[in-house]
Every structure is written in structure tokens, then in C-alpha cells.
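Below you'll find the structures, each written out as C-alpha cells.
The two complexes that follow have subunit A in common; it is paired with subunit B in the first and with subunit C in the second.
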Partner chain A sequence: MAAPFTRVCRPLWRIITTTTLNKGARNISSSRQQWSAQNVKTAVAASPWALHGAVCLQRLPVVSQDRSPIEEEFMELMHQMELERSLLSDHELRLLEDAARMSRKQEEDYDSDEEDEDYRDKEIVTAQDLEDTWEQKLKQFQPAPRSQGVDKKDMGSSELCLADSLILLVKKDVGSQKLWLLPQIQWQMGETLRQTAERALASLPGADLKATFLGNAPCGFYKYKYPKDIQKEDSVGAKVFFFKAVLSGHKHLPLEKNSFAWVKKDELQDFLKPEYLKQVRRFIMAL
Partner chain B sequence: MAGIVCRTVNRIISSQASCSTSMVAVRHSHWFTSVLSLKTSMPLRAEPKKKKKVDPRREIMMKERLKKKLKRLEKVPPELIPIEDFITPAKCFDETRIRDAPKLSFEESERRALLLKEWSRYKYAQHQTEMDAIKEALEAQRQALDELKLESEELYKAAVSPDTDIFPFQHEGPSYTPPITNYEAPEGKYNNITRVYTQ
Partner chain C sequence: MNTLLNKALLLQNTRALVCAASSVQSQVLTTQMPLGLLLTNRQYRSMPTHGIGKYRHLLPKALPKKKKDRVQAKQIKAATATEFGVFNVCVSGYDMTLVEHYSQYIHNLCNHLDIKADESYALPTKSTEVMVMQEQGTKMYVDAVLKTHERVVQISEMKATLLPILMEVVLKNQPEGVQLCVKQHTEVDFQSRFKTRPELEGLLAKINN
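On to the complex of A and B.
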């Protein structure tokens, strides 16, 4: 009779503990109480998890990626084929005419009266001259270099690899260890998880980052159990829900090197724990 | 009309009574051609007064007919606005503009064919990786939502509700070189020669 007795006993105990011990970690809403009374099994398994909201802040690429060798070859081929199949443009026709006229001038029996009326006496600006002037003008403009001369070791700067999308990582104390994580914060009662994620972003010390959150739904989750000595009946572990956000605005102050890092997807494995990494990699798309 | 006749008769009788000494029949008004026959006077006999109902109706009918004719003329469908992009300009049919097609060597044509096949394979592999990445991300999201549902219904409903603030979403895509800080682009002049059509 032990089994049915415990099954009857547990919901009562749960209701008592939820009303008396007001633990912030657990969700205490009236709907939850009814629900937990009905589905006992899942209530016991799900309720002892602490909820956290985390933000996966991405700085999207600023500069286009370099072409791979096959892409370079194909681009050359396409340019060639396009040139072969096209018609002559006005500028090209003009170039040809000028060339023909020059060659006629060089001949011995050149008679300037045979030329067209328009080109007889005027000083002509040849198309070649125009091309040269355009080249000169282009050289006057100095574009910014593609790879900013930022030291590769300085992970705190968001100007690192302009051609890739970077993720923000934060070094945090979890229990006794210092771990690199995506910025996360504990969920409080009365707010949605997205607001938790926004709070997590705002509460980063020294960072004035403006981000646009992409939607209300989380993009991934990670659950872990606390080590055995901290585990209690009502706090087995924690669930972290990740929300995607895109960094908006250009210049940002460089962040502290030791606690912040902007990392590419390939470099994530140097920073994150394997289990955590496995879950996080699923929703980060570095295309 | 009868009233006017009566009044004129009275006047005549009174006038006749006043100048009863002269027995000559005096015409007091040029409208009375004969004194005895008073009942028909010129205004009564004149034709133009017979306008009544027929003419206004005829006028209205005429106006309606004209309006119908106008409507029929106006029913012509409006001229379609030509799409400039679909009309090849006359310049392209100029024969002097045709390039001499270069003769490709056998090796060159072989190289091109092989490169095209290589490219299709590369693009297919790229597409497959993209699709797999998208599927993986969707799966991760689905599982996250399932877990959230297990946790609490409220939070799940909040997560699944549509977000009205994202759109319109704007983001500057990647360019070839990064933007120069504090750059002032020079003002450019241009003449807009697009043709505007009205229907």
C-alpha cells in the first residue's frame, strides 16, 4: 500500500510547501497548483528546476566573406562569358572609333578634309582620356581596410572578425568554478522569460549594448543538475532557456578582456564546456 | 384669365357709364379689336403660351440621350502603361554593335564544362548544409518549447504569443569594406529622366 499512499500524499505535500515556503525558483501560480494536482508524475519531475533566462547576442558580419578558390574561378568564368555574349556599349564604340581615327591620322596620305564635319577642327577628348580621369578620381577615395588592424588576442573588441558573426560570452562564477557562459540570469516571478533575457543583457557590468530580440520564443535550452551536496528535494537543478538577439548599432566601447569575449562559432569549443556546447551549437547558425 | 376679363368688362361698363353721353363705341385698349366680343383677347389667342408639359419632358429626354452617348464614348478602356523593362531599346538591334565571338579552343571549352559541374556540386553541398543547420535550429527551438510547456503553461503561452515589435526589422547587410567612421558623403547632383505615365 506504500505506492498509492505516497501518490496520494505527494500532491498534498506539494501544495503545502508551495503555499508556505515561497521559493522564488519555482513557479507558484494557481493554474500550476491545479495542474500539479492532476499530473503528479510530471509535476514532481519538472517543478524542482530553477529557471534561468539567457541571451545569445550575435554581432552579424559587417564585411562580406572572402571567396573560396572555386568561387573565384567561377566568378572569372561568369565575367568572361558575359563579356563574350554582350553587345558593344557606347563607350566601347567610341574607343574603337578613336582608335580608327588615330590610325588614319598616322597614315601618310591623311587628308583631314575627309574626316567627318564634327571632328575636323576641335580638340577631341578621346574615350581613353576619360577612362584615365575616372581612374584618377577613384584613387582619391580611400576605403576603410577590410580587416581592421585589431589585435587578434583582444577578444573584448567587437571589431574583430568583420566577416563572421560573433557571439558574446561572459565569464561567470557557477558554484565554485569560473565558467564561460552565454549571459544568463535567474528568472523572477511575474516576468516572461524574454524579459529575463533582456534583464540578463542589461545587467552585464560596463556594457552598453543595444540589441533587438528576435521573437518571444526561446531558441534552445540547457538543463543541468546541481552537484549532489546542493541538491534538495525541491531544487534538483536548473533549466536555462536561450533567446536570440541581434546587436544593433555600430561602434561599441571595448569590453573587459577577462570577463567578456566575442567569439566565432568555431572558437566556441575553446571556451564552453562540452555538454553546454553541444546544446548551444544547435541554434547558432554561422553561415 | 376669367378674372382679368371680368375686371376689364367692369372697367368698360363703368367707363361706358361715365361717358354715357357719347354713344360712340370707344376702344379703351388696343387689345380689344371689337368691343362686343370681349371674351377673346390677343394674349389669350397667342400661340407661344401653349408650353405646358410636353416641352420640358422633351428637353429632359434630349439631355439623357446626350449623356448616354457621352458615356458610351467614355467607356473606352484606358491605355495600358508600358513597362519600360520589357521593351528592348532600338539600340540593341544595331548591327554594328555585335562583337566578334572568339573561337574557344578545345581545352578551354572542356575546362568550362568541368568547372560548371564542379560548381553545381559545390552549390548543392552548400545548400544541404544550410538546410541541415536550419532544421537543427528548428528542432532545438521545438524541444525548448516542449520543456517550457512542462515547466509552466503561463510562460509557454507568453513565449508562443506573436511579437508585434520586431517588424519592421531593419539591418544593414555586409558590404565589401567596413563603414568609415565620421564619413561625410559628397552631395551628388542628378537629373531624373524617368518617364511618368498617367492613366
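On to the complex of A and C.
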């Protein structure tokens, strides 16, 4: 007797993924008039989600990355090939001419009138002399150091890893706990989300950061619900829109270590919550 | 009668072959025709080899070469809410290989991301002379001549959501010693590419005055 074969149907819980970038773009408008017009329409039905604007501030790499050994070897090989294939430059031709002239001078039956007219000027300053003066000048030149010698543990300084791009994180209290997140602030009526992001950057305590925003459209999005005890009829959670910005200007004062951090992309997981990290990782490029 | 016909046919065949070579000889042959057989030069349309040597109909239509008109200024498209208008990405620097390779990289990136790159041109090279003051004395002498090269990639009708991504990639891959500048394209930018015509302007000024 065969056991009855029952098939258990599990209901498929569809995880509603966060909205795409396009939707985000449609919500944002670049002119104030359009925004206020939209506001009039939505004043009737206010959404239970609070809007936040956040900024993903990046410090771009200052120096190029170091080459791996293979890359070094290849570069040497290419340089050598190029040198062997190239033609002589003016300066090199002059060097050869001067050398030939010197050897001619040593001979017994040398007649200086047989030389060219423009020999008179070159007699005083030969090409070799020029080369020597140039080498002297090069020795006096001091290039800037490739690493500013900042301790790796000091996350507050923006001079950390000059060869990588770093992202700014702030420690904020959200509800009852202190979390590391990208600087964000609540959206106010009558301003565009990009202005919210700019405000978020400007309102950071103790930081005087000048940044250029890349475009009016947001690059990422994160949605979270408030914990059950805070949730009310008209505030279920918050939606955060991220904007990309690039740090401008060179010297910045080191920021407070406890509340600010400049991190690379692979160090992000030590700081951010998993859900948040998953969304943020989508738009941060580690090039 | 048969032999005559055969002869005539044979002669006709040979004459057809010779006709392909030159038409002068065919006239000579016709005079030599026996029995006054009138063989004309023309090949009839029913002949299988009719029009065998024609090729002009296979070539592409070559329009009569007209004189090059003045380069018209293209209509500069305005920006809409979701798309940018026309803007220029200028790459400038002292090292020509770096500047050119970087501008090529930007152009290829645009092609890869399906962004329309309208034009890609070079602006004239600017030479800067670096003069150094002598230690003892007031005379300055030329120390070095630096050449600034500039390349422009013109992009039109790009989606606004794509700009932050493109800008970030381009900025992160910027080589050392190369400056990047992104600005809107205006009529002035277009006109600055043309050479000035001083004698024309002088004459115009004279007419107006």
C-alpha cells in the first residue's frame, strides 16, 4: 500500500524589491515651480513614508595606483621597444654633430673656415652643456610624496589612501541606537531632493566640506520601516534617496574620529548594517 | 544551299566574336560578305549575350560633385526635464599622448553606454613660453616652451540619470597631468573654432562707417 502522496504548496512570498532609478528620477524635478505644483496635488493624500535626502561624498584618488610587477615589466618592455623604433630628435642630432665636429677638430689638416656659418653660435654652448644644465635642474626638483604618511587607523583624515577613492560616513543616532550611515537629512516642503542632500552635507557638525554634486538625479534608494512601537497611521517608515558628490579642494582639516570616517568600498561592511549595505553597494564603484 | 547556310552561320559566329574586340574590323568584314548577306552590327535583344559588357548600371549612383557649402551651425538642442542638451567634455594637458588617449577613452565609453557623441574635435595647440629671470641682471631668457593640447568630445541628448555614473567613471580614470572640464555648448564655442578673416572684417567695418 503506497502512502498517500501529498504535495505541500508553499505560498511564494514575493519580496518587493526597491524601486528602480527611473522612478526616482520622475519624482525629482529640477525647477521649483514644478515641485510646488506637485505638492498641491499630493497635499490631499500624504504618503506615510518620510522622505530623506542623503549624499554619497567621495574623495577621488589623488595619485595613480602602484603597478604590479608584471605591469612594471611590461611597461619597461614597451618603453624599450618605443625607444628602439623612434627616430632621433633635434637635440640628439645636435649631440651627434657636435661629437663629429670635435673629432674633426682633432685632425691635423683642420680648417675652421670650412664649417657652416651657424657653427659660431653652437661653439659657445654645445648640446652637451645644455644637457648638463638640464640634469642639474632636474636634481633640484622635489616631487610631492606619494603617501602623506597618515596612520591607517586615523579614519577621520581625508589624506588616507591616496590611491583609492574614499567615502564619507557619519555616526548618527537613529531612534535609540548609534549607526554609521551616509549623511542624510529629512526632506522639507518646497525644496528639491538635491537641495536636501546639499543641506545634509552642509549641516554636518564640525565639517567644512566643499563638494560638487554630479547631476540632479539620485543614484540609489533605500527604504526602511520604523520599529513597530513608533509606527503611526501616517508614518510607516522612511525612504532615502542618495546623491553622488565629489569632494573638491585639497586640504581639509581632519574630522572627528568618532563621528566621521573615510572608508574604502571593501571596508564598508565593517561599518554599515547588512540591509543598508546591500543597497549602498549597488551604486558605489570601486574602480 | 546547306553549305552556304553553314558558311554564313560560321562567318556570323566568327564575326560576333571579333565584334567584341573592335567595331572597326566588323565594317571590313561586312564588305567581304559573299552573296550580299546583310549582317548588321547590332545585336538583337533576343540574343543571349545582349548587353554582355554593360556595367554602368551596377555602379552606385555618383551624384555630380557640388561645391562644399559653408559649415552650418547645427541647432543646439535645449535640455528637457529628463535629458541634457548639448555639452562639451574638454580634455586638456601638456602631454599629447595622454590627452588623446583619454579623449578616445571617453568617446569609446560613450559608444559603449549608447550615449550619442555628436562630434569629437581638437582645438588648436597653444604654446606657452616659460621665461626665467637671470640671477644677476634684469634680462629674461626663454627657459622652456610648453604646448597645451586640447580635445573636445561633444555629447548630446543624454539621459539625466546616466550622468552621475558617467562622470564618476570618467573622473576616477583621469590620468595625472590631464585636466577635465565639462561645460555647456554655446554658439560662442562653435564660432571660436573658425579662423578670423581680418580683411573681410576690415572691409565690413569700412562699409558700416
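The definition used in the following text is that the second predicted complex is superposed on the first by the 192 of 287 C-alpha atoms of A that agree within 3 Å, B and C clash if a C-alpha of one lies under 4 Å from a C-alpha of the other, contacts with A are read in each partner's own complex, and residues count from 1 in each chain.
Everything that follows uses one rule, which is that contacts are C-beta pairs under 8 Å (C-beta built on N, C-alpha and C of every residue); 3 or more make two chains touch, one makes a residue touch a chain.
The structure presented is a predicted model; accordingly, all values stated were derived computationally and were not measured.
Student: Answer with first, second, both or neither: which of subunit B and subunit C does A:61 touch in the superposed model?
Tutor: both
Student: If you stack the two complexes on chain A, which partner ends up touching A:70: first (subunit B), second (subunit C), both, or neither?
Tutor: After superposing on A, A:70 lies in contact with subunit B but is clear of subunit C.
Student: Examine A:279 and indicate which partner it touches, taking first as subunit B and second as subunit C; both and neither are also allowed.
Tutor: After superposing on A, A:279 lies in contact with subunit B but is clear of subunit C.
Student: If you count the residues of subunit A that each partner touches, which comes out higher, subunit B or subunit C?
Tutor: In the superposed model, B touches more residues of subunit A.
Student: Quick one: is A:223 in contact with subunit B, with subunit C, with both, or with neither? Answer first, second, both or neither.
Tutor: Once the two structures are laid over each other on A, A:223 reaches subunit B alone.
Student: Between subunit B (first) and subunit C (second), which does A:214 come into contact with in this model arrangement: first, second, both, or neither?
Tutor: A:214 sits against subunit B and subunit C alike.
Student: So in the superposed three-chain picture, is A:110 touching just subunit B, just subunit C, both, or none of them (first/second/both/neither)?
Tutor: So A:110 meets neither subunit B nor subunit C here.
Student: For A:194 in the superposed arrangement: first (subunit B), second (subunit C), both or neither?
Tutor: So A:194 only meets subunit B here.
Student: Looking at subunit A, which of its residues have contacts with both subunit B and subunit C?
Tutor: Residues common to the subunit A contacts of subunit C and of subunit B are 29, 60-61, 63-64, 214-217, 219, 246, 285, 287, listed in rising order.
Student: Which residues, counting only subunit A, touch subunit C once they are in their complex?
Tutor: Where subunit A meets subunit C, its residues are 21-22, 24-25, 29-30, 34, 58, 60-61, 63-64, 165, 214-217, 219, 243-244, 246, 285, 287.
Student: In the complex formed with subunit A, which residues of subunit C make contact?
Tutor: It comes out as residues 81-82, 160-161, 163-165, 167-169, 171-176.
Student: Where on subunit B is subunit A touching in the complex?
Tutor: 92, 94, 96-99, 101-102, 112, 115-116, 118-119, 122, 130, 133-134, 136-137, 139-141, 143-145, 147-148, 150-155, 158-163, 166, 169, 171, 174-181
Student: Which bits of subunit A are touching subunit B when the two form their complex?
Tutor: My answer: residues 27, 29, 31-32, 35, 42, 46, 49, 51, 60-65, 70-71, 73-74, 77, 81, 84, 86-88, 93, 143-146, 148, 162-163, 192-194, 212-221, 223, 239, 241-242, 246, 248, 250-251, 279, 282-283, 285, 287.
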